[in-house]
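Naming follows writing order (A, B, C, D, E, F, G and H), and every chain is counted from residue 1.
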Amino acid sequence: MEEILRRFAQGEISIEEACKELKVESIRKLKDFARIDVNRLHRTGIPEIIFAEGKRSREVADLAVAHATARGFALISRAGEKDVEEVKKRVDEEKVDFEVDYNEVARTILVKKRGYNFEKRGKIGLIAAGTADIPVAEEARVVAEVCGCEVLTSYDVGIAGIHRLVAPLEELVNADVAAIIVVAGMEGALPSVVASLVDVPVIGVPASVGYGLGGEGRAALLSMLQSCSPGLAVVNIGNGVGAGAFAAKCVLHKNR
Amino acid sequence: MEEILRRFAQGEISIEEACKELKVESIRKLKDFARIDVNRLHRTGIPEIIFAEGKRSREVADLAVAHATARGFALISRAGEKDVEEVKKRVDEEKVDFEVDYNEVARTILVKKRGYNFEKRGKIGLIAAGTADIPVAEEARVVAEVCGCEVLTSYDVGIAGIHRLVAPLEELVNADVAAIIVVAGMEGALPSVVASLVDVPVIGVPASVGYGLGGEGRAALLSMLQSCSPGLAVVNIGNGVGAGAFAAKCVLHKNR
Amino acid sequence: MEEILRRFAQGEISIEEACKELKVESIRKLKDFARIDVNRLHRTGIPEIIFAEGKRSREVADLAVAHATARGFALISRAGEKDVEEVKKRVDEEKVDFEVDYNEVARTILVKKRGYNFEKRGKIGLIAAGTADIPVAEEARVVAEVCGCEVLTSYDVGIAGIHRLVAPLEELVNADVAAIIVVAGMEGALPSVVASLVDVPVIGVPASVGYGLGGEGRAALLSMLQSCSPGLAVVNIGNGVGAGAFAAKCVLHKNR
Amino acid sequence: MEEILRRFAQGEISIEEACKELKVESIRKLKDFARIDVNRLHRTGIPEIIFAEGKRSREVADLAVAHATARGFALISRAGEKDVEEVKKRVDEEKVDFEVDYNEVARTILVKKRGYNFEKRGKIGLIAAGTADIPVAEEARVVAEVCGCEVLTSYDVGIAGIHRLVAPLEELVNADVAAIIVVAGMEGALPSVVASLVDVPVIGVPASVGYGLGGEGRAALLSMLQSCSPGLAVVNIGNGVGAGAFAAKCVLHKNR
Amino acid sequence: MEEILRRFAQGEISIEEACKELKVESIRKLKDFARIDVNRLHRTGIPEIIFAEGKRSREVADLAVAHATARGFALISRAGEKDVEEVKKRVDEEKVDFEVDYNEVARTILVKKRGYNFEKRGKIGLIAAGTADIPVAEEARVVAEVCGCEVLTSYDVGIAGIHRLVAPLEELVNADVAAIIVVAGMEGALPSVVASLVDVPVIGVPASVGYGLGGEGRAALLSMLQSCSPGLAVVNIGNGVGAGAFAAKCVLHKNR
Amino acid sequence: MEEILRRFAQGEISIEEACKELKVESIRKLKDFARIDVNRLHRTGIPEIIFAEGKRSREVADLAVAHATARGFALISRAGEKDVEEVKKRVDEEKVDFEVDYNEVARTILVKKRGYNFEKRGKIGLIAAGTADIPVAEEARVVAEVCGCEVLTSYDVGIAGIHRLVAPLEELVNADVAAIIVVAGMEGALPSVVASLVDVPVIGVPASVGYGLGGEGRAALLSMLQSCSPGLAVVNIGNGVGAGAFAAKCVLHKNR
Amino acid sequence: MEEILRRFAQGEISIEEACKELKVESIRKLKDFARIDVNRLHRTGIPEIIFAEGKRSREVADLAVAHATARGFALISRAGEKDVEEVKKRVDEEKVDFEVDYNEVARTILVKKRGYNFEKRGKIGLIAAGTADIPVAEEARVVAEVCGCEVLTSYDVGIAGIHRLVAPLEELVNADVAAIIVVAGMEGALPSVVASLVDVPVIGVPASVGYGLGGEGRAALLSMLQSCSPGLAVVNIGNGVGAGAFAAKCVLHKNR
Amino acid sequence: MEEILRRFAQGEISIEEACKELKVESIRKLKDFARIDVNRLHRTGIPEIIFAEGKRSREVADLAVAHATARGFALISRAGEKDVEEVKKRVDEEKVDFEVDYNEVARTILVKKRGYNFEKRGKIGLIAAGTADIPVAEEARVVAEVCGCEVLTSYDVGIAGIHRLVAPLEELVNADVAAIIVVAGMEGALPSVVASLVDVPVIGVPASVGYGLGGEGRAALLSMLQSCSPGLAVVNIGNGVGAGAFAAKCVLHKNR
């Protein structure tokens, strides 16, 4: 702004021109204001993630290449085989030097410039109660890693054998993790148990496991919402992305 | 039947009389058949329990006196102060020598002939997770006792402190209880935990505790239905009567 | 422990060694404590059952061979054709002498060492209301048998013809079963009727039969939860495994 | 119409007048058409019933007096003490010779001209499963009687003692009732049982009895909707008015 | 019984034989009692209908041939192409002279002896609101016809054009139908409208049409349950069989 | 901005001062931007309405006086007797010349400067199906009037007598109303019927009337959402305020 | 009518003939009355739209050709590939000069006479929150256009970036649209935000996007129903047709 | 342990005594293991909070005095007037020097030793959308403060005026809060908006505000679960305690 005024003072620009330039700058500022959250999002290290479900593979591939070109990598969730093929095809067509990594369990596709590395800002813990909960856990892991977390996982733990919980929990606490994500289906009791044992924020993720009344993760979600253990918060059924992002925010803050 | 035929053969009764007597006996049998469950109920030791809610105190008192006169005692569930007063008034009016015992916590009234004693056929365990679950637990206890169970209770146990569970469970297992009733509200995880630790049938009773989504015992019920622990069956929210009666049936069978 | 002390007293081991050995033993005890429920589970005769749904056939086959090797048999529930093929293939590859028995109706696979026999500890009854309830009933039967029960089944009984219920019930009562499992879909009234007629614990299992409001077993489950008949407890919709395991626990206790 | 044309032909009215009169008649017909259902309602014998809940007692009393004046009687449902007082007060003020009959159990008020009698067109049966179902049953009875039905009631019948059902059912069938209303709360199995035993249309009415999941009549309603017994239709929870009116329509048709 | 006594009196049979024969007769009576509802069902003209869904085609075909052999015809509901093929194959194999009639819209299969005719006992009306409701309506029609009803259908009526309702309703009323079945999906208002216009019992059948909140017939069912029009009762969503059977019972009674 | 530049050009202010003044103006603009919706709300004529439920009477009175002072009037919804008293007391204390008008049926309080008049921008129609729907309708009326609508009401219309609908609808259409609000409880069919008859936007408001399944307005809301009639949109159960405000927006736009 | 009277007066027709002709005319009027809503529908410009789901392609094609022949065009919603093929085949067979336009995203088929143009009566706005909401938005657009609206769309707006909303909203307000349709899934907050910013009626359409609890558009619908923003009304989940028709009615009225 | 061995080696204790002492120590260790979470809870600074609802005031007072005596303070949530009186009475009786502070809005009672101070470990933010959300927010605040948080509150923010959100958010971000709690009822959009603007973990708390479908906080909870904004986790409706405790855990970790 000073620059404009200076040029105006020196007669380089007329009052009309000065006025106009100032207005333009003002508009630019307004636009900046509008974009403030975009910048903020960038700064937080939680990038926009492409949700593939309900989108056409073509569209997914377009977005993936655009994202990866702009900021070094793109992450796609809820992706299928067709999406991977389309993304690979597009990467070939565009002749960009991108690595395409499909996590079949998590159903995520990570597209990144060859050599791109995610910084490691801090650690989180990730516990899954049963085999069927692993897809959700893996989705959370991939998201958290992309957001700069080192993720310590323990997937062989279950309420039926609470004792199997002791060792991994001690490991996580000793590693000073900033948060622990606990994925559980069926009756969803594990996050409550974990939250009652550690002094770390615990994020419960109900997995869509179970049948009959309360099936598809509903009983698990309700249990977590009703939990007696303080220090437990939840995300929606199967929302690995949300859990990973939340845990990453905890890491960010721990280190500020 | 032979007797009738014999009397007919000996000319004591005519063919018409024989025919009629045989028909009457046949009808009596049909009626017996119809009453089979009444007798059975009596034999099982699970008496009809008077559900006071939705009935007028006057009506409750009538039934109570009738039951107690007929079989020595009457048990009323979901009773209020007004019911107790009415029952006492009726007992006074009828000049019967009945004891009236109001359990304020369980909201039960036990009316019994002075000196009447319930036999002790076997033991059951009864565990409550929190203070607010005690009314339901007490209802179950009273019903089970009336049905001939000795009830070993442990009301200071909760999921938040699983360790507090070890001692009472060992006691119950050592006492060789025929079944364990576990009352729990909120997330209702306790019955699952108990069922995973003992080789005794466990009956989960959700208590109408908790608020928000899944409140009023709904999350607890769903958790128990979704339980991973084998050997857990449930009754409806707050159904202490049903749990007590079920446990009593387990006792009956253990001893047959 | 005494042994260690003795060796220490006799100078066989130094104080450091004694101390270390005692610590190791202490840790071993802690681990034993942690494993207590595993042993217990084993002792109760209710083995871990492999839930195939949501697992890959490869994984299912791995677990099956491991279980069968360790304890003589493995039971898989909610299994499909692919799982059977994979299990058979694995058994062939491993060159183990296992029988693989696929119950197409129950969708269970039983893998056991040739000649392995399940002991018979006692009897339970199993009643199904309609043709469509048989898969759930069969699942319960297989589980109960594996847990040591002799199962008396009656699959041709329905609420529409209550009279058809009399004969099988009498048979069950006479056989002195420790519990009766009753599977019913639609309005789910049968378990209530059975519980009102016998002095045996009755376990209601809603079957996922029915359409429209209350369909998929919901009306059946709610009916059972609301039942007026004392001595009825329920497991979740379609939970044949849970019902079989619960009944087995009743058998165990009857015989202790 | 002919009359108008005749008068026009005879010069008694001008073409304009004829035209106008014909239009007026046409409009009158249109209005008659619009009112056709009112007449029909009257003809069917199912009068408008005043629903007191949510109305002020004053308003209720106004409507009651108006109805009773117009057609000899008025029926008010869901009425309270205040409504009765207000109706009586109004009847006194208006100095009309009306009888006011408050059915405390059914919560209905019947206002009728002294000496007014309801015709008896045919019979229906009315069965209630438990004490707590009687208010709904009584509402249905009062409505059906006002609609010209003789109502044969049996209020001491319950699923817990199916045998108690045989005698009253035989009585109803012998009386050749046009329909049977069955009121039931809790698990609501009674209407199914009745419908499986008789060749009469059965109308199930869930009563708002029961607690926990499926409570307040929900399990009962779902059970009835899921019923395997053909020939059972239902009305909403506690809708004695609807059941009474439906049964009355069956009577009407039987006699046409 | 007299006969037995007579033979005993005449020495034709010994006292043991007489006793035994009398017992046998008594048992036969008990069995008759048990079978009373079967006979009743037969007498009511509402035959057992084979529900194909959840049964194997082979089983369906077995039942169909058995039914048709026993009483002249068999009706199968919720049948698919595979069921028809299997039934036809079985009929061919058994070399019985049965006609097999598949109603593709109603998804019913009618198997009957060639020349078998259903008697016509009376009329019912059947109205469907929209094209998508016709499958349910057709199921109701087939069932009602098998039960002896002449069915007057009107399938081109909808709430959007209430005027289209007038003519068919008048026709039904003039034909003196014993009941009117009204099938409607979406907001389900048509049965209420019909019930407010006629003095005939109206049976509402919600069709599983509609999407979003209240979809799949739920809004329709709730609307019908909440209906202000007296004289409307409902069956579950898509329950054409139940509606047809109920209407048939109305016909039966009208003609008794 | 030009002014600042001019003053800078004329040496009245230094470059620092100019720069600062320009920044301040820029910030002022940003703030204006933030306030844009407040102004807009004011311009649309839909004022903020004070929701009394869950607020203390004292608080309500404070807000009412503040609003009325600032813009001439205040409207309070869901108000009780205590709120009216408190508002009157406050008005007396503050010695402001305000009229306080309590609509007991709508449960609204209108506080306005004596002589304040709402402009009449256009007309809307308002139809209620039954007596119990009038409170909701009145709330909508009061809100719409405050927003500048002339409201033509018709409260004696119901689905049970569709013919009664014709006249009021014609009146509304002839009055050229911008929208019609239709309040209905129970099965909620009226808005669908109205929307199928007129070419005016129809806003359905479910009233919390009805009992049993679908009661408290739920069936009505679902019916309206499932409506076959195009041109019907809904607000939540009992949301008279929302309906009135929406209709007012329609009026505003018609007249622009 | 006058004409008939005249001919009667002049002796051209007898009194019987006059009488009959007048009756016929009267009936014709009655029929006209019955058809009044059809005409009205036509006049409103909101044509009947063919809902393809649940109809056979053959049937859809029949209706499409009939509609297009009668009024120049036909619109089919929820159409699939098979429907398009069948419609095209039918158009070929019938040798009519119709254009068939399939909107793959909206799943609509527009069949119209070559050269037929829809008039433009006014403008509406249409906003979609995310990519997955576009199919619903497109359905609304097609319907609104057929009803005479010019539709200004903005599909790249989302709650995550509220700032992106400002520009399109200003454009819509400046274009003086009669209503704004806002489609949103997930948490469904966008319509509330829009309604709080503009003085135009806003129609919220929940899209069936989202998973877990509140998924498939349920959370979005509930949010919109609970909205604090006045001037927001909603249609059911995914109901693009209803939203388009409602907006069209707003346009019609603005211009009257 | 070494000590025991040493004493044994020096003959101070016999082998039996050594053995016994070692066993006792082993048991003590086991007990310590069991108590590990109690200590942990203590160490985390999240004390047990007394939930008054469903407990008798007497019981609440007992617990309060016990807690305060043991660790310096006691916190009671969901407390009523009667609880406060009882607590005060008890404090007087016990003659302990405790301050009793009742927060009428939060419905919490804080009992603490005179002079006891809570340490301040870090800051959290707390935002409430509307006046009716303040009770929940206050509960969260009190809990967080007891857990060592300094709480920056902003209670005058709402979705209707998003601009009012900017200033408080900037303040919170600048204060470097470890987490932000956002309480919101109705449509519950505010937490999503906040989470999309800041790089701090956001905890959404639905408030039990709102009516009709989705009322009592259900729509708010579902919205938060469906949120598009990453980094949002939720606790149950009205669970201020849970939110406060979770935020406190975030503070603890930030500072480790």
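We adopt the following convention: a residue touches a chain if its C-beta (ideal position, glycine included) is under 8 Å from a C-beta of that chain, and two chains touch if they have at least 3 such contacts.
This one's a predicted model, so the numbers in the text were calculated from it and none came from an experiment.
Trainee: Under the document's definition of touching, what chains do subunit D and subunit H have as common neighbours?
Mentor: The common neighbours are B, C, F, G.
Trainee: Steps needed, at minimum, to get from subunit D to subunit F via touching chains?
Mentor: 1
Trainee: Going by average Cα coordinates, which chain is farthest removed from subunit D?
Mentor: A
Trainee: Please compute the C-alpha centroid of subunit C, do the same for subunit F, then give the distance between them in whole Å.
Mentor: Computed value for the inter-centroid distance: 61 Å.
Trainee: Provide the C-alpha centroid distance between subunit B and subunit D, rounded to the nearest whole angstrom.
Mentor: 40
Trainee: Distance-wise, how many Å sit between the C-alpha centres of subunit B and subunit F, to the nearest whole number?
Mentor: Going by mean C-alpha positions, subunit B sits 57 Å from subunit F.
Trainee: For subunit D, write out the residues touching at least two other chains, lowest number first.
Mentor: 33, 36-37, 160-162, 196, 212-215, 218, 221, 225-227, 236, 239
Trainee: Write out all the pairs of touching chains, ordered by chain label.
Mentor: Listed in label order, the chain pairs in contact are A-B, A-C, A-F, A-G, A-H, B-C, B-D, B-E, B-H, C-D, C-E, C-H, D-E, D-F, D-G, E-F, E-G, F-G, F-H, G-H.
Trainee: Along subunit C, where are the residues that touch subunit E in the complex?
Mentor: Checking each residue of subunit C against subunit E gives 131-132, 160-164, 166, 209, 211-215.
Trainee: Per the contact definition, I'd like the list of subunit B residues that touch subunit C in the complex.
Mentor: 36-37, 40-41, 43-46, 49, 176, 178-179, 196-201, 203, 221, 225-227, 230-236, 239, 241-243, 245-246, 248-250, 252-254, 256
Trainee: For subunit G, which residues are in contact with subunit H within the complex?
Mentor: It comes out as residues 130, 158-162, 186-189, 192-193, 196, 210, 212-215, 218-229.
Trainee: Looking at the complex, which residues from subunit C come into contact with subunit A?
Mentor: Touch list, subunit C to subunit A: 33-38, 53-55, 59, 206, 208, 217-218, 221, 236-239.
Trainee: Can you name the residues of subunit G that touch subunit D in the complex?
Mentor: So the residues of subunit G in touch with subunit D come to 1-2, 5-6, 8-9, 15, 18-19, 22-23, 26, 29-30, 33.
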